[in-house]
Each structure stands twice: as C-alpha cells, then as structure tokens.
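Got a structure for you, questions after.
Per-chain residue numbering starts at 1, and chain names A, B, C and D are given in the order in which the chains are listed.
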Amino acid sequence: MKVEGTYTLPAPRDKVWALLNDPGVLARATPGVKKLEPQGDDMFKATIELGIGPVKGAYDGKVSITDKVPPERMTLRVEGGGKPGTIRATGELRLEESEGKTVVNYTGDAQITGLIASVGHRLIGGVAKQMASEFFKALERELQKR
Amino acid sequence: MIPGSFEYFSPQTLPEAVTLLQRYGEDAKVLAGGHSLIPLMKLRLAAPRYLVDLSRIDGLTYIRESEGFLRVGALTRHGDIETSDVIRSGYPLLADAARVIADPLVRNMGTVGGSLAHADPAGDWGAALLAAGAHVVATGPRGGRTIPLDEFFVGTFTTALQPDEILTEIGIPQSQKNSGGAYLKLERKVGDFAIAAVGVGLLLSSTGACEQVGIGLCNVGPTSLRAGQAEQVLRGKKPDDATIARAAETAATESDPADDLRGPADYKRDMVRVLTARALRLAVGRAKGGA
Amino acid sequence: MGNRVKITINGSVHEAEVEPRLLLVHFLREVVGLTGTHIGCDTTNCGACTVLLDGRAVKSCTMFAVQADGRTVMTVEGLAQNGQLHPIQEGFHQKHGLQCGFCTPGMMITAFALLQRVPNPTEEQIRWGISGNLCRCTGYVNIVAAIKDAADKMRGTPAPAGERS
Amino acid sequence: MAVAHGMGHSVKRKEDARFIRGKGNYIDDLKLPGMLYLDIVRSPYAHAKITAIRAEKALAIPGVLAVITGRDLDKYGLAWMPTLMSDRQMVLPIDTVLYQAQEVAAVLATQRYIAADGAAAVEVDYEPLPVVVDPKKALRPDAPVLREDREQKTNHIWHWEVGDRDATARALEQADVTVEEDLYIPRIHVASIETCGCVAQWDSVDGKLTLWMTTQAPHAIRTVVALVAGHLGLAEHKIRVVSPDIGGGFGGKVPVYPGYVVAVAASVLTGKPVKWIEDRMENIQADSFARDYHITAELGAKRDGTLTALRFKTIADHGAFDAAANPSKFPAGLFSICTGSYDFQSAFVEVDGAYTNKPPGGIAYRCSFRVTEASYAIERMADIMAHELKMDPAEFRLKNFIRPEAFPYKSPLGWTYDSGNYQGALKKAMEMIGYTALRREQAEKRTRGELMGIGISSFTEIVGAGPSHSFDILGLKMFDSAEIRVHPTGKAVARFGTKSQGQGHETTYAQVIAHELGIPEDDIAVEEGDTDTAPYGLGTYASRSTPVAAAAGAVAARKIRDKARKIAAHLLEASESDLEWERGKFFVKGSPQRAKTIQEIAFAAYTNHPQGLEAGLEAVAYYDPPNLTFPFGSYICVVDIDKGTGEVKIRRFVAVDDCGNIINPMIVEGQVHGGLTMGLAPALYEEITYDDDGNIRGGSFMDYLLPTSMETPRWETANTVTPSPHHPLGAKGVGESATVGAPAAIANAVIDAMWHLGVRHIDIPITPWKVWKVLRQNGVTE
C-alpha cells in the first residue's frame, strides 16, 4: 500500500531535521509508540500500542533511519508484529525549505499482512493518512515546545 | 469465530452505567445494539475486558419532537426510525438513510447511538446526521453535555466522547415547511458499506433560495465528512442546475477517499459529485413539496 | 465466571449458567439442543442464524446469550404448532422455496416477522424484507413465491392454483 | 392412496419435511459423548519460513489438550497428502507456508470456545519470503521457485494441448476477419452457506474409523483415506464415511482439506470423537477456489460471418498445490468444450498450469471442471466477432450453430456431442423476450444517449463424468451405482453412490424408480451418503447424478422388472413372452384383467417364488456411461447502465434450457434459478483478489459479495427437449447449465450497451467502477 502527502511545518529545515533525528521526539510523535530503545546507529527497538477505537493491539517492532542526506531526506523504516497482523513500512521524507518554513513530502510503502490486511483493508488507507497527519501535528507541537 | 472472554454488566440505570465506565475506563466498552462491536470481537480485533450493555436501561428508545428539535433516543433501532411515521412524514433525509443501513435484520438490532459512537467512516448515520445539522447529548459523571456533530467525529472509530460518557440522545433541528432532504447511497450490494453516500438537508427561503443547507459524506474519508465549502456554494443561492453542479464538484474536492475493493479514490470522488448533485435535486424537489 | 440466564424459547423457559461470551446461536444449538438455527457466515451477513427476539427477526450469531436474558426467542422449531405446519413452512414446501435447506430456517423466521408487519406484501417488499438472508441454492424467485403463498393463506385468500408470483 | 407419478411430474420434495422443521442433520448438528474440538492456527503470511511454533501459552489454558504441528504429523507420514492431480499437498507444514490462511497448527480442546482460545494463544515466528501471486510472473525464469519439495525447480506444473496447432494457425492466417482478446476469469469461491467440517470417531476396540463429513463423494473419500492412512492400519472395511445432510456443495465439498486429516489423526491419537468445523473466513480463504484462468482467445471468420478457426492460450493459476478436484484425464478438465455450439473447421487449445502463493485447488463452482471457463470465453468471443462483423449477435449465432441434423457431432477438439437443437432454443428465447422490439428500443435509447444492452449466450455443456475412457479418480472409474430392494409389501429402499446437497435426490431418484416399476414415490425410501450401506459410487458433482446415477437407478429397476416378469409369469401361469408391462403391472397380452401388480409380485418374490429362481426382489447396477451428455441452452439478458455511477441493472433475463427428458420440472426450474444466480454472482459481484503481498481481498462475506434477493432478477425460464440418445431415460443433467451459461449473457449485455462507444471488453466481475472507468475513457459522464 502506498501513502503519500505533504505537510508544512512552521520552522526552518535545519530545525525540523534536528527534530526528526531526536529519538525522544520520534517516540512521542509516532502514533502508538510507547517506548523506543536505541539499538545502535539510528536503530531502535519499539514497543507500540495502537488503538483505533475498540481495535487495540500491542506490537513489538523495530524502527530505523537510513539513507540520511542531511538536511534533505531520510528513510524511516518501521517493522512490527502483533496478533492483528504485521507491518513493514518504509517512508521517505524529503524536506524543502520555503520562506522559513519546511515542506515535508513523504512517500510511504507499507506491507501489511494478516487479519487487518484481509478484513480491515477498507480502513487501512484512511487510518494511514490519519496517522501521518497525527505524526506531523505532534512534530508541530514539539516545535512549539522548543 | 469465537470472541475472547469478558465480564458482562447489564445496568438498569444510566448512572449505574456511567459508574461502571468510570470504574473500568478504557478497558470497558458500551454495548448498544452490538452490531458493530460484536463482529470485531468475534474476529478478536477488539477484546474489551468489560462490556456494559445498555439495553436494559429504560427511556433511551424514543422518537419525538420537542422544543424545536426532533429527539431520538440513542437506543432507538435503525428499523424503528425506518418505520416511524414522524420520520417518514417530516424527515426524508433520515428516512432514506434508515432504509439503506446494512440489511433489515441488522436494522432490527443496531441502534443509532451505537452506530454514531462507533464512528465508522462508513456509518450512514454519521453522514446523514451531519447533513441534518444534528447534535448529540453525552451523559457522564458530570451530567449531560451537548456536542455538535461537527465536533463529534475525531477520527476513524474515534469520537469526542470521554471513556466515561455515554451517548444518550441525538437532536435534529425540527423540520419546517420548505425543508427537504435526501440520502443517496451507492453500494455494491444490499448490506455492504457504501462505495460513497451523500446526505443533503436543506431549507428553502420564500424566494426559493437555500437558506440552510447541510451536506454529509459517507465512507470517503477517515471519518464521516461535512462538505462545508459545497454548502457555502449553495447558501443564499437558488439551487439551479449550474449551482448544484458547482456544489457537487466542490463536495467531490472536499472528500478524501482511499482506494479499496469498492473502487479507486478518483472513482469515489466522482461518485461524491454525482450523488451530491442527485441528492440536491431530490432534496430541492421535496422541499418544494414534491415526492 | 458464569452468568445466569433465563430465556423463553418457543414457549418453554430455559435457564442456564453461561459464559458472557457465549453467542446466542451457540446457546440455542449447544445448550438447548435446538439445531435448526444455523451458522453461515460469522460476520452478520448471511442470516442463517436468524431467530425472533421479542418478535423481531435478529441474527443470533451477533448477539450474546446474556443479552437475551429475560427475553423471548422463537426459532424454526417453534413455527409448527401442535404438529401443524405453519403456512410459511407449507409455502416453502409447495413452491420449492428450499434446496439444501441450510438457509431455510433463517429465511422462514425472517418471512414470519415480515408477514406479521406486512400481511399483504408486494414482491418488492418481500425481496426487501429478506435481503439480509443469503441463499446460495434457489435464486430467491421461489422463496418470494413461497412467502407470497403463505401470506395469501394467512389472510385466508389463497392464490389461484398454479399461480407463480 | 399413493400413486406413482414417474418422470415429468413436479412431485413435491420428500426431503423438505425435515428441512422446513429445522430437523435437518447437518454436520455441526452431530454431538457425540466426550467429543473434542479442533481449531486451526493459520498463517498471516503468503510465503514464509516457520522458525518457531510455541505452544506453551495455549497448553496452559485449561481444556487445551494438544497442539498438533506438521512435525507431529510427519512422524506418522501424514504431513503431506496426495492430490487427485498427481501432486501432493501439505496437511500441516513442517517449515514453510505457501499461502495466507494456510493451516499451520491445530489445537485440540474439550470445548469449541477453548479450542479457539488455544488457537489464538499459539505463537508462531515467521521469516517472510518473496511472494508471487501473478501466475504470469511465476512462470518467468527469474521467479522464486515456490515448491522446493519438487524435483522440477520451476513453477510450471504442466502443459496440455489439444487440437491441430498447424491447421488452426493456417486457418487464422487465412481468415478474412480475426478477433483477439485477453479474458481473465477471476478466482471465485463456491461459498455454500454451510461451511465444511467433520466429526472423526476412532473406535480403538473395533479398530474402526467413522468419519461424518461434508463430502459430495463419500465412497471416494473412504478409498482415499484407506490409501493415505493404510500404513497406520486403517483398512477400507474398517472405515465408514457418512455424509449427512449437506448445506450446499457446488464442488467445494469434493476435495479433502487438511482439517479433515488432522481431525482423523487427532481422533486416532486420543481415542475420542473429534469435531472440526470451519468458520466462514477459513472456508473462503483456504478451501478450494474456482476459475483463475488467464485466456488469450482468438477467432477467425469469413467475411460472410462463417466462423472458421479458434485458438485459446491459457495460463491456469493453481495456487500452491495442484489440488484440482478434476477427475478427468485432462489437466484442464473439460476446457476443450470451448468450441461451444459452433461448427469450427479447426481449433487449438493449450493450457499451462502455474504455482503461486495462493490457496490450492481448482474446483468447479457448480460446473464440470472448466466448462464455465470454456463457455464464457467462446460466448464472449462470439459476441466480439459478431460486433466486429457488424452482424446482429443472434443472427451470427444462428448462422454458425451446429445443425440439428449434424448430431452426433464430432468437434475438432475431440468430443462427440450426443444431441442438440441450438436454433430451437435460441429462437424460443428470442420470442420470449421480444428480441426485435428490444433492439428497436435500444436504437432509440442510443439516440438519447441512454445505455441499454442485450446479451446472448448460447452455451453447450459437457456433463455426466464420466465414461471410463476419459475419467477416473486415482484409477477408480467414474461409474455410479444404484441398489434397489423391493420389500415383500411392495415398498422399496433404494441406495445410491451419489450424495445430494440440495438437488432433491430423495425425490427424483424415487421418481425414476416409480417410472420404471410403478411403485409410488411415497413408497420408496432413497438413501445416500453412508459407505457402509450404499453401493460404491463416485459422488455428486459435475451434473453427474442424473446422467450417471439416475441411469444406474433405471438400469437396476429394469433388472428388477426382468425378474418380476419371471415371477408374474409363474403367478399368471403364462409364458414370459406373453406378458406385457404397463407401469406397475404385468398382464397377459389380450387379457388385461389377468394381471399382477408389482406389489403382488414383490410379495410372491418372498412367499411364492418359482422354483429355480432365487427369492427376493432386488438389484444392483453400476453404470458406466458410454458418452457424456451435452445439455445446452440460450440465455438473453437485458441491462440498463447508469452513466453516472456505472451501475448495471439487469432488467430481464430469459433462460431457455435443454437438458433432454426431464424427471421433475419443478426441481429443474429450481436448479436453473439457482444456477443463474451463481452465474450472476461472478459476472457482477464475486471475486477473490490478492495484493502483491499475498493478502486475501474478499476473504469474508463482508467483501465476498453473494447476491441477495435485491440484486437477483426475476428469472424467466423455459425448456426445449432434445433427449440424449444414449441415456436410458434420455436425460442430460441440468444442475450447472445456468452457472455455465449466464456469465457471458450478462457480460455480453453490458458490452453491447457500450460497443458503439468503442468498448470491446471488461473482465468480470463487472463492477460499477470498471464501467465508470471505460465510460470516462470514452468521454461519457453524467
């Protein structure tokens, strides 16, 4: 499944870049992430509890950041599995600065398997968009905190 | 398919139910008709530890007009709305919607409150009641509060209800002379969720202009959507063909569908356009006293 | 963690201690032993499990037995009275409204509820009324005819012989 | 008093009595003392290595008795089982899963709910492997090889061809007009309303296994169990397979699924009865699929509209194992009936089978092994050719039909059609629907921009598997059987090797016997499905009950009549040759009052039989048909298309069927109604798709769309009668005709509505968005 979109953050690119490279911020901003434990260079063990209404699930996973070209782009990989299914997602974030703001273009490809994929496919697209938007809104809040 | 275990409560009063929700918080789920929740539990996608069944609480099933509002109790079943004389004679938008929810057997069990609180983007009531300009009443430990439906849907399966609040009533501005409405659903077959559905509620002025208009969109975004810009196109204008066409095109741009088995996003967006135009024409006809 | 339920089924009271998660359909089939109510889809689509709950046709696989506590249930086994087939059962037999018979109990219960509410339904009303019950064998035409036949008999105005609606 | 109606009467069904009272005996109704329950853990991945299966949490649940894995079964040589197609199939995997929802482990528990809890608690670790869901990609040399267990390191299963390749190529080159189209017939599922299941009961004292299961072929299953588990001491006389009432089969209850095997193993292991019942998602996601044929079809014709050549090239997607329930000697079943109702000079068909990461199978979905694929393809192509030639599709068909006087007709692909009158059926259908007026209406509507289409399908089926020269199951010939015992009081019991799943055998077989012997239907008990009592037969599928088993019934009845004649001669003190038979009695020629009824004769058979003749009045017949039967029909469908939404509305559908002589017109009509609805379903609604990761789309009734009463039109049916010359009753079989014929009629109607816009083809199911898309592409919008 492909997800793509654009989000504008009200801060210069360097600042956004720093934010995206802060594990604490990533943990707080990524929907459902309860804990991120560093496992080496840009690799993290993740504990995720995701609840979409009554559909709640706990997932163990890995988050890694690769293909970094500061402060232009990075690739975020998330892998996780739990009872409702598994996900392996790759998202490329491209940062462009424009008039003091940062435009983030993201393109993601998610491989979802299991029950969620087979019975929940009608909702997955919408939920993915919703989660992407929550992620950027959370980043925006982090920006305001700084 | 067998659901996981849970503890079951069947309170006799609303305060009792609220107390249970307070006690169990996020671990509890309210059971109204159960036709959204139980399938998820059978799939073991949902596994609430506590179920609070509202069905034995008296006084949550009614359809009545008072103080300028049509008031519908949260436990009123879809089928009761479908067959209600009050609804049939004065609220074509709601009558249309009630007729196309799932199938007749589901409508005998599913409730309007349960459906709204479940906040499935494919729920027909969400779009229909957004179009009708409805609000809901939430009852919690601090009593009742009114939430405009515009603020109710937060995301997929997520509403503005607190974990210890229960949706108890839906209020809809009472129908007037010159008001009309329609709900059109495009579905793959009876019982399926909509490919897209559009609800329209409107009130025409004495000159035939749109004095009030509401347009709700079903299953074309992460939540039920209100097509506010499309409403703006119509507001204060006569709903002629050109205006309707412009409003329909605007509604399409306001929708945010995703690809699925029902079709790709561009198809669904166009269906919003087609259905909005058709629903508007039907609603205008009804407002003018037509069928 | 049992809950006590008392359910009146086809006129007899049944009491039992059940797990809250026990589906009504399993209560009927496994606890009470009324196996005429079937399970077809598990996802509230097919209506093979349809029973009357306080007079309304509902899908008993999407309901817990505890929800039916204190209520009245009628299953296919309750259609015939004193060994006398109900006109709906007669109609299904006469009009060949069943083949494998698996959806038939749910279909007949839905028809029963429909005819209580609409004693003289049109073809469209019948089709609308049974649209929550899937049949894989008959193609519905003869089911519609069977329900029409029953409606006519129940109103005391039998359709002309050989009429197929 | 009971009367014998015999053939041609709409006798009301005997089996209804229990079904309308909720007293059917379906598999899940069976409850035995001490019975255990099995639930199955399934793979979320379409292709993965299993690195660990951890059962501790499941086993910790009170009531969970065992978690069975492939490694456990392997100890008994049961981790794999053979398929009917000379392939093998995993029962439970040892280390690799090959499709989503594949069985991974089984949990045995004291209760159904506990078994489900156990299955949810089993933890499995997987290492995902590359997934191949497209058979065309699977056949590329760089594709990952899915079946590492096979010697051949390729996803190519087999190649099969029939016809004259060179002559067909030449004929196509020389044709004035050729048309070519890619037709995909998607995966669908029979989705009978009852899912599959079984109760296995091992009696360790007698060493006897009783297996109640939802099977359309109990005897064949008994032999398969004996062959597969013989090394464990299960001998065929110690195996009893009972097929109870079946809630719809349609081909889906022919194969052996892993759940059955595990249930048997679990019962043998524990000495207790074990029940396994699928839920709907397991049923749709893992049981045998149907179709999944990618066809490239070409036709050639002369300018005057005469068809000359046909060439079909097909890729058949069989999923992870070739487990097609196909008892013919041809890998693609009866697909070579694809020349249909037309008289081609040359034809050539080739099919290649491929493995993919999808569930195995390849069953019929209410047709005889690929007949629907063949019929859909030829009827779609016939319409495309007619339109290409600017001929009316009806006129085009009438011009190219095999002439009535040409029967028995030898097709260029090797079949000998028994009888037919295709012109008669099509003309009757055209008359019923008012074809000419509809074409006028369509022309008027076009001028107003409205979209209305008329579609014809004039199909020829091939059913009644089958003659032993072309069919077998693991070497077993495809005869079927009947045993009739007439009791002293003139009542009878008749047992058959088939098994009804709703077809009404208890009634129609009784009619056949009543027809032959004059014993009233009410006095005949028909039994099927118990291998301990019924004679050996191959079961009910492929519309074979009437062509094969009813023929056996007629032959057995005639054997009884022959003996009855001897007894009558003895009683009437006349010579056998002086006796004449009138249904229900023998009388002396010229003295009709000197007669003995079949009941009197039956009594005498036990009380006063002639010397030198054995007592009793019973007979068994095993009928190996000399040829298949070829039912046919013409269907016409009228559709209206909503230009805005792309919705297709079927306004009318007329079906004229010819299945030879009819046993029970009411049941035949019911079969046609049901078949039409199962033809409508794949034409407009049903499909199982897979995403690139092998996730199933359409794996529950939420997304696998069975038509309801609202989508199903009011079918209009009629018959013509062209008896089969080789069947003892002149009958042909009808259960599947409509499923075979209907999809093309609907698809043709939709395309007919849009041909003038430049639309040539849309693959089924024709969903609103597909129609919307082609309308948009051709500039039509609301």
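One rule holds for everything that comes next: a contact is a pair of C-beta atoms (placed from the backbone, for glycine too) under 8 Å apart; a residue touches a chain by one contact, two chains touch by 3 or more.
Treat the numbers as computed from the prediction; the structure is a model and nothing was measured.
The pair of chains sharing the greatest count of C-beta contacts is C-D. Among the remaining chains, the Cα-based centre furthest from that of subunit C is the centre of A.
Measuring from the averaged C-alpha position of subunit C to that of subunit D gives a distance of 29 Å. Per-chain CA centroids place subunit A at a distance of 49 Å from subunit D. Averaging C-alpha coordinates per chain places the centre of subunit B 44 Å away from that of subunit D. Contact with two or more other chains is made by residues 19, 21, 42-43, 45, 128, 130-133 of subunit C. Residue positions of subunit A touching 2 or more other chains: 83, 115, 119, 121-122. Shared interface positions of subunit B, defined as residues touching 2 or more other chains, are 1-2, 4-5, 44, 103, 190-191, 261-262.
All chain pairs that count as touching, in label order, are A-B, A-D, B-C, B-D, C-D. The part of subunit A that touches subunit B in the complex is made up of residues 51-57, 83-84, 115-116, 119-127, 129-130.
The residues of subunit B lying in touch with subunit D in their complex are 1-2, 4-5, 44, 103, 186, 188-192, 195, 261-264, 267, 270-271, 274-275, 277-278. Contacts from subunit D toward subunit C in the complex involve residues 12-13, 15-24, 26, 28-29, 31, 112-113, 190-195, 245-250, 279-281, 501-504, 666-667, 669-670, 673-678, 700-702, 706, 708-710, 712, 714-715.
Per the touch definition, subunit D reaches subunit B in the complex via residues 112-113, 116-117, 120, 279-281, 644-647, 685, 689, 697-698, 702-703, 705, 707-708, 710-711, 767-769, 772-773, 782.
For subunit B in complex with subunit C, the residues that touch the partner chain are 1-8, 10, 31, 34-35, 38-39, 41-42, 51, 53, 55, 79, 83, 102-106, 108-109, 190-191.
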